[in-house]
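When the chains are written out, they are named A, B, C and D in that same order, and each has its own residue count from 1.
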Amino acid sequence: MQTNKTINETIKIFHGPQHPGITGNMSVELDLAGETIQRAKTHVGYLHRGFEKLVERRTVIQAFTIVCRICVPEPDINEQNFAAAVEDLAGIEISERAAAIRTMVLEMARIGALMLWMGGQASSVGLDIVPQWCIADRDLILDLFEELTGGRVYHMYIFPGGVRRELPEGFLEKLSNLCDHLEKRMERYDKIFFENATFQKRAIGVGIVDKNEVIPNGYSGQVLRGCGFKHDVRKDTPYLLYDRLDFEIPVRNEGDVYARALVRREEIRQSIGLLRQLVLIIPDTTGEIMQKIPKHRKFKLPKKETWVKLESGRGEMGYYMAGDGSEKIRRMQVRGPSLIHAYALLERLLVGSELADVAMIMNSLGICPPEIER
Amino acid sequence: MKEGFLIEQERLEHEAAASLKSSGLINDIIRYFRKKSIFVLAYGTGCGAIEMPPTFTSRYDAERFGIRGAATPRQADVIVVSGYLSFKTLRRIIHTYEQMASPKYVIALGSCTINGGMYWDSYNTIKQLDKYIPVDMYANGCMPRPEALLEAFIALQKKIENDEEPSGWERYLENIEWYRQNQRAVLGEDIKPAYEADWYTEGR
Amino acid sequence: MTILTIMGQGMAVLLFAYVAGMLYYGLYRNITARFQKRIGPPVLQTFYDSMKLLFKDEATAFGWMFYLGPVIMATGSVLTLLLLPFLRVWHEGSLSVYGDLFVILYLMVMGPLGNALAVGVSGNPFGVMGVTRGLTRLMGLELPFYIAVIGVMSVAQSSDIWHIIAWQQIHGINMIHYPLLFIAALFSFVGFMGSSPFDVVAAPQEVYSGPRSEFSGKFLGLLMSQNAIFGFAKLLLMVDLFWGGADSIVELILKTFTLFLVTIVIGVVYGRFKVHQAVDFLVKFPTLLGVVGLLLL
Amino acid sequence: MNILASLQPQLCDKFETQAFDLKRDDLAQVIVEKKIWRAVMDYLKEEAGFVTLLTITCTDWIEEERFELNYIFAHETKRCDLMLSFSIARDGESVQTLTDRWPQAEVMERDLHEMFGIVFEGHPNLASFALENWHHTPPLRREFDTLAFVNEHFEFRKGREENVDVKAEAKRLRALKKAKAQAEAEAKKEKGADDADE
């Protein structure tokens, strides 16, 4: 009887898919009593394109062109994961130089994604000045990408066997100038955003993640590090050149929105530091940027299975891939961090918080719908 | 009391709306205002939505042309369909489009809206957007750059000012049967999005 | 003092307030854009927007109560404007001699009530939530503002705004004499103008666009025009109460725009509070200042 | 000491594993029979320290009439992953749910139910996940032909007037090139003959 009574007193609203406070095209079904959320349920599927089916129909090289579309804000992680899985199955070793360039691309993409997150998080508290600034700063990174790969958003650059193009002339110099610029800008963002009194008031103590369920439930990325766990795929199981680079894993203990924001701020700093190291390392690296790979129809994968993962801007992203001896991939499964964050975590965090916190919490989890439903 | 979208639907199906077709000074002035002020619905339907923030922020700054975001469909003039549409989103897009107040315009972004694009053999995306809702302007590419998006907006402004052909919402009213038939062909009989009322029965 | 002069003056004030409000809000967007490192819209953009909306269809039909809401709001703001002293030289032949601070304060609540009526009919949950937020915030906003107003009234020994202006002409403006009261009122004023950090009512990331969620076309255009007029009326009230009114149009524009600039600058650098945070803040800090100001009178 | 290398003898002693495939330093695959997978999983979770369920994948081996389910676990130190695989029949065989152990399994199992039609026993809510009103074959099964589905439900816009079939055009160009090369070769030959004559 008690439950019936509470149900009758609530309002049911759909936060999304058409809503300014939602991250991408998804929706959260909320039951509200006043402004407090009683129940929350995530709905996805608005972006389902059936990538896993499309990849099965294509040859390896054809599939390569569509995998980067799986996650829009940070497409390069998909290319790297796909390439790593194919290389693992086909037994291709990439050269040191290709690995260094890949590392650089991934770190640039990470900064871009974190800048985009900063815009979303700031606009969720109504600080409209921050997205205006930081999305323009992210555009400078996209400009470098355009020079390197020819594409602004989708690069299709990291290919199984290496990377597709040599660095243009003067690229590293521009990159180091960009690092200087971004470092200077970060001080401004500290003042206007991270140390802003209104943001602190809104973010501290909101969306606290239970530390006991972090590891078993597989939360990753900033959620993990915001709860005081010092884990990062780049350190735990180093891939590419990360074991040669020097960087710290930022950790905060509070587990709330503000802790995750500070972790991200520090991650941008660390990524800038990584890029600076790479600018020095890349000229000394050797090897062909592209290994010899079989031709289109002859690129066959053996009957084997593999699982690769890396650290994206939101958490650990993994690919499962199975070959069957033909030139087509038998099965590819994408496991993004958002799948767990948007369901197991978000639904728990929202219950008991207020409607005003929904956009804050969603942004701080970094939920990216296209990688949930592929 | 009927809900808003039901009234809108009835009006779409039974009654032809008055159009401001005849030219004259007053209509010129109205068209000038329409051209100068375009509210874009904040609905990122696909990957093209990633290029919307740059378009509306300080690098490309669409607001200098009078283009700004609007939160609800009631207030918006333009809906930007940014890329591929899955069935589930198409249902919401139709719903949203019918909630908007006329005159309203549709800008379709990316090659996926023209002929399926990358996802030509995908089982869950539609291939030609203009079979389901009328499109006023296409911006092609995968994905279109912010410049292309701005150009589409400016071309739309020109179209509004010159009042060329019947614009999309007029075509939608005239050919509502044809559009409905196409929509039903892919979505089934319930075009309105159906939400399963989950936890009331589940006992979670 | 004939009825014609009253009407003529009223129309002139209304027209001026409309034009000034539209330009101010246009400049608001433009100046904000400059802070955000971009060019920003033309100054007339708010005017274009409201005119375009006036020539648009509506997508909704909820019955006459719904249509009445914007009208009540517009009536409230026009009355507020007309009952406020406009220029000091226009004392004779102005409707404002009938006005009184109590009447004005009541009229200022009329807007949210009109909103509540219309939104209640539409039944949009976001709208209802926005109205609830607006009324909750109003409680917080009114407390420091009323304290400041009581202080000003008790100093001038009158609730007539003309007397308050006259007192300021003899003794100097209230802002210098009673800075604590002015600061208390300024906090509420920033909230009344709907500027950050108190813009909880129509927060797009939280409640869509709050009470306006269901309004489209002509109603939205009317609301925008109403907002411009009401914004100017609120500026006028603050100028009358604390800055001693104005003698000429130029002085009026200077004073009101300076005050407007303050809200712009505050709005740019702060985010949005939650409802209860906003009320908490207003009830604590500005109210305390106001009470101290009252005690120091 | 490598966690996976030390796990191998323990696991193989305790259970009848069909294979223990050490793929990389940080990845291994254990293949078991379906009847013991729950016990192996419990052992992995409680005693071997593989506490995190990362994902569940399914591969459709239609030739061998089986689905291969892969449960991918991560070690608590996050230094290595383990794939636990077993096979089920393509039709009619259900699997016990994992929602009682890991809450994130709920959405993964819903996904697999929708995409492959696998039934998970004891799952609280096998409602649709990404698709809406889908009455066709579950789309990720191999027998579902997405191109046929597309051709049945959609029509494509006609290409431009000057649009040419790429394959035919390539063939034509190749033939043209060949003919040209041949003509050149003949011309050269004739010229050579002429030269020789002179």
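Side notes on the structure shown:
Throughout what follows, a contact is a pair of C-beta atoms (placed from the backbone, for glycine too) under 8 Å apart; a residue touches a chain by one contact, two chains touch by 3 or more.
Model, not experiment: these values are computed from the prediction.
Taking A-D and A-C together, the pair of chains sharing more C-beta contacts is A-D. Each chain gets a centre from the mean of its Cα atoms; for chain A and chain D, those two points are 22 Å apart.
Once the centre of each chain is set as its mean CA position, chain C and chain D turn out to be 62 Å apart.
Note on chain placement: the centre of chain A and the centre of chain C lie 44 Å apart, centres being C-alpha means. With centres defined as mean CA coordinates, chain B is found 29 Å away from chain A. Among the residues of chain D, those in touch with two or more other chains are 130-132, 139, 144, 146-147.
Annotation for chain A: residues touching 2 or more other chains are 19-20, 45, 48, 50, 53-54, 57, 132-133, 136.
Residue positions 36-38, 204, 208 of chain C each touch two or more of the other chains. The touch graph of these protein chains has some other shape, matching none of line, ring, star or complete.
Chain pairs recorded as touching, per the definition above, are A-B, A-C, A-D, B-C, B-D. Touching chain B in their complex are the following residues of chain C: 29, 33, 36-42, 45, 48-49, 51-52, 55-63, 122-123, 204, 208-209, 212-217, 220. Residues 41-47, 49-51, 53-54, 57-59, 69, 71, 73, 84, 86, 88-89, 92, 96, 118-119, 121-125, 142-143, 145, 195, 198-200, 204 of chain B are the ones that touch chain A when the two sit in their complex.
Of all residues in chain C, only 32, 35-38, 125-126, 128-129, 132, 196-197, 199-200, 203-208, 268-275, 277 touch chain A in the complex they form.
Against chain B, in their complex, chain A makes its touches with residues 7, 14, 17-20, 24-25, 29, 31, 39, 41, 43, 45-50, 53-54, 57, 65-66, 69, 72-73, 116, 119, 131-133, 135-136, 138-139, 142, 152-154, 370.
Against chain D, in their complex, chain A makes its touches with residues 44-45, 48, 50, 52-54, 56-57, 88, 213, 215-218, 231, 233, 236-237, 305-307, 309, 318, 320, 322, 324, 330-331, 333, 335, 339-340, 343-344, 373-374.
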